[in-house]
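Reading through the C-alpha cells given below for one structure.
Letters A, B, C, D and E name the chains as they come in the text, with residue numbers starting at 1 for each one.
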Amino acid sequence: MATMSDAEWEAIRLTLLVALTAVAFSLPLAMVTGWVLAKWQFPGKFLLETAVHLPLVLPPVVTGYLLLVTLGRQSFIGSLLESQLGLRMVFDWKGAAIASAVVGFPLLVRPIRLAFASVDPRLIEAARTLGASPRDAFLSITLPLSRPGILSGCVLAFARSMGEFGATMMIAGSIPGQTRTVPLMIYAMLDTPGGQATAERLVVASVIIAAAAMLASELLQRYAARQAEGSHG
Amino acid sequence: MATMSDAEWEAIRLTLLVALTAVAFSLPLAMVTGWVLAKWQFPGKFLLETAVHLPLVLPPVVTGYLLLVTLGRQSFIGSLLESQLGLRMVFDWKGAAIASAVVGFPLLVRPIRLAFASVDPRLIEAARTLGASPRDAFLSITLPLSRPGILSGCVLAFARSMGEFGATMMIAGSIPGQTRTVPLMIYAMLDTPGGQATAERLVVASVIIAAAAMLASELLQRYAARQAEGSHG
Amino acid sequence: MSRESHLQFSAGTKYATGFSVELAFDAAPGITAIVGSSGSGKTTILQMIAGLVTPLRGSILLGSRTLYSQTLGISLPPEDRKIGYVFQDYRLFPHLSVEANLHYGLARSPDQKLELIQVAEKLQLKQLLKRFPRSLSGGERQRVAVARAVLQSPALLLLDEPWSAVERELRDTMATWIESVVEQLSIPAILVSHDEASVARYAQKIVTLDKQ
Amino acid sequence: MSRESHLQFSAGTKYATGFSVELAFDAAPGITAIVGSSGSGKTTILQMIAGLVTPLRGSILLGSRTLYSQTLGISLPPEDRKIGYVFQDYRLFPHLSVEANLHYGLARSPDQKLELIQVAEKLQLKQLLKRFPRSLSGGERQRVAVARAVLQSPALLLLDEPWSAVERELRDTMATWIESVVEQLSIPAILVSHDEASVARYAQKIVTLDKQ
Amino acid sequence: SSSADRSAQSGVLISAAASTRDVMEELAADFSDKQQLDVRVNSGASSALARQIIEGAPAHLFLSANRDWAEEVEKEGRAAQIIPLLSSRLVVVVPKGNPAGIDGAADLYSDKVKILALAESQVPAGKYADEVLGKLQLLSSLEASRRIVRASDVRTALRFVQHREADAAIVYATDAKISSDVEVLFAFDERLHSKIEYTLVILTSAKERPGALEFAKFLQSSQAHVRYKQLGFTPLFEPVDAK
C-alpha cells in the first residue's frame, strides 16, 4: 500500500466519510421504520414494506436519477435546501451520502425489524410493571436485546455503501478528489490504460476495510454477548 | 398495462426466472454458511464473513467483471463447463442468475445467520433428549423457528435480484429477449427518445412485483405466526 | 387497617379460546391468598391487577386510586400502578446481571424504602450479583424475581408461586421476610401458591377461585 | 429387580463459576428422589445423566449400557440415551401445538408403549391438544412437559420439579400415575422435588445432595 | 470535506463524456499546473452528464459525445455557446489475430460472427453503430437472430471482445487504441452514419467563473490539437492559440 497515490487515499477517505455518514444518519429513521413494521398491524402494511424495499428493487441508476430529479436545483426540495441552508446535493459528497443512505435503507431496516419482532413481549411486560414507560422499556430492554440485529443492519448498509456505484454516479458525479468514491474510481480505472493496477489496489483496500468492519462488528457482538452471557434467560 | 409490448413482457418473465433461480439455488448454501457463522467459533471467522460480504462491498460491475473472468470461455471453469456440460454462462440467462445469486448472497446469509443464532439452545437440548439427532433437531426446531429470518433473507435477495444491473450486464450482456432483464431494459430505455414511457412502465412493473413479493412474505409470515400463535413459549 | 392501601377487585375477562373468569374480593394490607386448581385463572387475575390483561368489565381500585374502571373508561398503564409482580415464569432480563435486574425497578421507583444489598442478603443472592440469569438454578432465578419485585417498594405485591422452586426451609425464610416487608410497607400482597402449608400459615385471607 | 434397567451414577463436574458437584448413587426401577437446597446441583446431576452437561470424571451406567465413562472415553449423545427429561423450565416447543409437542418424542421412539390420547386424558390435557404453549397456564405447561417426556417410553425418567405448579389434588393424580407408568415400564425415575410430602410418599429411595 | 468545498467554490469543473475522460484529465492537469487554477473533470455517460447539468450541477463546461445532448442542455437555457470539438471514426474490432477470420463488413452477418457487441442504442457509440448496420441492411437480421449483445457503454463492448466472448464489436477508434488484446479490422465509411461530433458546451455559469473560458480556449489550443490526434480523435477546429 506504500504505492497508493493521493487520489486513491482521497477516494478511500471520501468513501468512508460517505458510508459512515449514510449509516449514521439513516439509522434513526431505520429504527422507527423497523419498529412500525415489527409492531404495528395496519391494512396495506405491505405497501410500506414495498416502499422501504424500493431502492433495492430499482436499478441504482434509476434511484440515482429519481434522487437527481428530487434534490436537483429545479426541484422544490433542492431549491429550498439551497436557498435556505446553502446546501447543494448535486455534485457533492452529501449527495453521495444521501444516495448511499437511500440504497442501503432496506438492508438496514430488515434485520432491525426482525430483531425488534423477536424480543419476547413478556420481558417488556415485566419492565412495565417495574415502572418503565414504553419508551424506557424500549431503550432498556428492546434496544440492547436487538443489538445483534441492529449491528447486522449497519454492517450490511455500510458494506453496500462501500460498493455503491450507480446512484452515486447519477447524483454526485465522479469528480476526482471531490465525489469520486472508491467504486467510481475502480470503474474509471478499469477502462484506463495502465489503470488496472490502481483498480486492483482499490479493490484490495475495499476488501481490507470490509474485513475491518466485519472484525469490528464481530468484536462488538462478542463483547455484547459476553456482557450478557448469551441472550436466553 | 394493456400497452406492454412483447419485449417488455419477455424482460419481466426473464427477470422473474433469473431472480427465482438465483434465490432458490443459493438458499441451501446460504443456510450452511449462516449455520457456520451462527454456531461455529474459529479463529479468523471474520475472514469468512468478509468473503461472504464481498459482493456487497465491491461495485457490482467489478463483481461482474470477476465473474466474466472466472466463468468466461477463456477461463478454466468456463471452458470446462462448455466442453463437458455444454453450458455457457456468458451471454446466457444462467449467467445472469449466477450474477444475481452472488450479488444477493450476503443479503440472504445475514438474516438467516441471525435467526439461527437466536434460536434458544435449550429447545435444541430438549429435542435431543426426545430422540432427535442434531440434523433432526435442526429440521424440526431450528428451521421452523428461523422462518422469519429465512423469509427475510429471501425477500432481500429477491428484491436485490430484481434491481441487479452492473454484474448482470457484465456477464450476461443485454440481448433483447434473451438476457435483457428489466433493469437492463430500463437502462436502455431511460435515455432513448420515446423510451421514457417504456422505462416508466417497467419501473411500475418492478414495483408491482416487489409489492407482490412483500405481500406474499407478509402472508407467509402471518400464516406461520398463526400456526405458532407467536414464537414465545 | 388503612383505606389508603386497600385493594378492591371486582372484574372479569375472557380469552379468545372461550375461557372466562370473574372474581370479586378485597385485600387489606397483609397477605391474601388466591387458591384454585391449575388453569382456573389465578394468573389471569394477577395480570388484570397489574394492567397486563384488560378486563372486560368491572373495576379495580387500590386505595383511593382507580386502576381500572369500565364505566369511567379508566385503565392505568402498568408502569403507573406501582405494583410489584413476581411472575410465575420469572421473566428476568437476560442481558442484565442479577444486580442490574434487581436495580431495574429500584431505579425507577420514587421512594426507595429497601436496600438492594440487604434484600440480596435476605434471599441468599449476594454471591450471585455479578452473574447473569442464564447460569442460575431454578430456585435462584425465582429468588431474583422476588427480590426485583419487592425492591421497587410497590403499593401492592403480586406473588405468583414465589417459592415453588425452593426447599421448605428457604421457603419459610422467604415467606417470613415477605410478611415483614408487607407489614413494613403496609401494603397488600396477593399470593398465588399451590403450597397449602404456606398458604395456611402466612395468608390472612384466602380467596378461592373455582374453575367455571 | 432387573439389572437391565438399573442406573449407576458416579460422576462430578464443575462450572466456570467455580461451583462443583460430585455424587454417587444407584437407582433401581421405581422412584428415587434427589433432595437438596436451592443451587445445590440437583439440575446439574440430571443434566449429566441426560448428556446435556459433560461430567469431568466418573461413569454413568444404565443397565448394561455405558452412558458415560471417563476412563473408556464414552459419552453417548442425548438422543441415544433413551431418557425422558421433564425440565424444570419445561422447554415446550413454541411453534408446535400441544399435540405436536406430545407427539415429538413419541414419533422418535422405537417402542411406543403409551397412547397419546390416554396420557393426555390422565394429565387433563385433552381440551388443550390444539392449543399452543404460549397460551397455557403454568400448571398446564408443566403437565405437557411431563406427558411429552413420558410418551417416548424412556428407559429412565428424569423429573425436575414436575408438579411444582399444580395443586395438591392434581399433584397426587400425577404422582400416582407416574408411579404406575414407572412400574409398567419397569424403569427408574429420578425425582427432584421440594415438596417433602410427595417425596416422602412416592420415593422408594432418597438421595441427599449437600451444598459443597 | 473542507478541500472539496473549497474547490467547488473556486475551481473550474468540466463534465466530460466517458470516452474523453483520459485526455480531459490530462489536459486539465496541464492547464491547472500552468495557470495555478484548479480544473476538475467529472466524467460519465453524456446522457447522465446532461441531466445533471439540467438539474443544476455546478459545472462550467460540458463535453458531450454527440450533438444531441449538447442541444438538450441548450434547450434548457444552460448553454452560452456550442463548439464542435472532435470527431472520431467508428471501427470494427476483433480479438487479436482475428480468430474468426472476418474479412469485411459483409462478414458481419455470416456464421463467422456469432456475437457482435454494440453499445446500447441510446449511448452515442451505439446509436452510430445502429445507423451503420441499418444502412448496410444488417441490423434487423442480426437482431432477429439474436447475435447482437448490447453493452451499457462502449468500453464494455470492447471488453467483451478482449475476453473473446464476442467475435467482434463496433467501437470508436479511440477506444480500440487502449487495448492490446484487440485489433482494428476496418473503419466504416463516415457517410454511413451521422457525423460523430464531440461537442463542447460553454455553460452560462462559465462567465462568472475565472478560468473557465480560458480552459475552453486551451481545449482548442495547438497543444490540445496534437494530443487529440495522438489518441485517435479528429479535431474539428483550427488551433486558436491561447497565451
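Basically, a residue touches a chain if its C-beta (ideal position, glycine included) is under 8 Å from a C-beta of that chain, and two chains touch if they have at least 3 such contacts.
Just so it is clear, the model here is predicted, and its values are computed rather than measured.
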Practice item. Check the residue numbers that chain A and chain B use where they touch, and answer same if over half are used by both copies, otherwise different. Key: same
Check your understanding: Would you say A-C or B-E is joined by more C-beta pairs in contact?
Key -> A-C
**Study point:** Farthest chain relative to chain B (centres taken as mean CA coordinates)
**Key:** C
Exercise for review: Would you identify the chain whose Cα-based centre sits farthest away from the centre of chain D?
Suggested key: E
Revision key, fill the gap. Per the C-alpha centroid definition, the whole-Å distance linking chain C and chain D comes out as 30
Study note, to complete from the structure: Cα centre of chain C to Cα centre of chain E, whole Å, reads 78
Point to revise | CA centroid of chain A to CA centroid of chain B, Å | key: 20
Review point. Between chain A and chain C, what is the gap in Å from one C-alpha centre to the other?
Key: 45
Review point. Listing for chain A: what residues touch at least two other chains?
Key: 65, 122, 190, 230-232
Review point. Hey, what residues on chain C touch two or more of the other chains?
Key: 89, 135
Study note, to complete from the structure: Contacting chain pairs, sorted by label, are A-B, A-C, A-E, B-D, B-E, C-D
Check your understanding: What does chain E use to touch chain B in their complex?
Key -> 45, 47, 115, 117, 120-122, 143, 146, 148-152, 156, 159-160, 163-165
Study note, to complete from the structure: chain E contacts chain A in the complex at 1, 3-4, 7-8, 13, 15, 18, 21-22, 25, 40-44, 48-49, 51-52, 54-59, 155, 178
Point to revise | Parts of chain A lying in touch with chain C, wherever the complex brings them together | key: 122-123, 125-133, 136, 140-141, 144-145, 227-233
Review point. Once bound in the complex, which stretches of chain A touch chain B?
Key: 45-47, 49-50, 53-54, 56-62, 65, 106-107, 110-111, 113-115, 117-118, 120-122, 148-149, 152, 155-156, 159-160, 162-166, 183, 186-187, 190, 199, 203, 206-207, 209-211, 214-215, 218, 230-232
Practice item. Report the residues of chain A in contact with chain E in the complex, numbered from low to high. Key: 14, 17, 65, 68-69, 72-75, 78, 88, 90-93, 169-171, 173-179, 188, 190-193
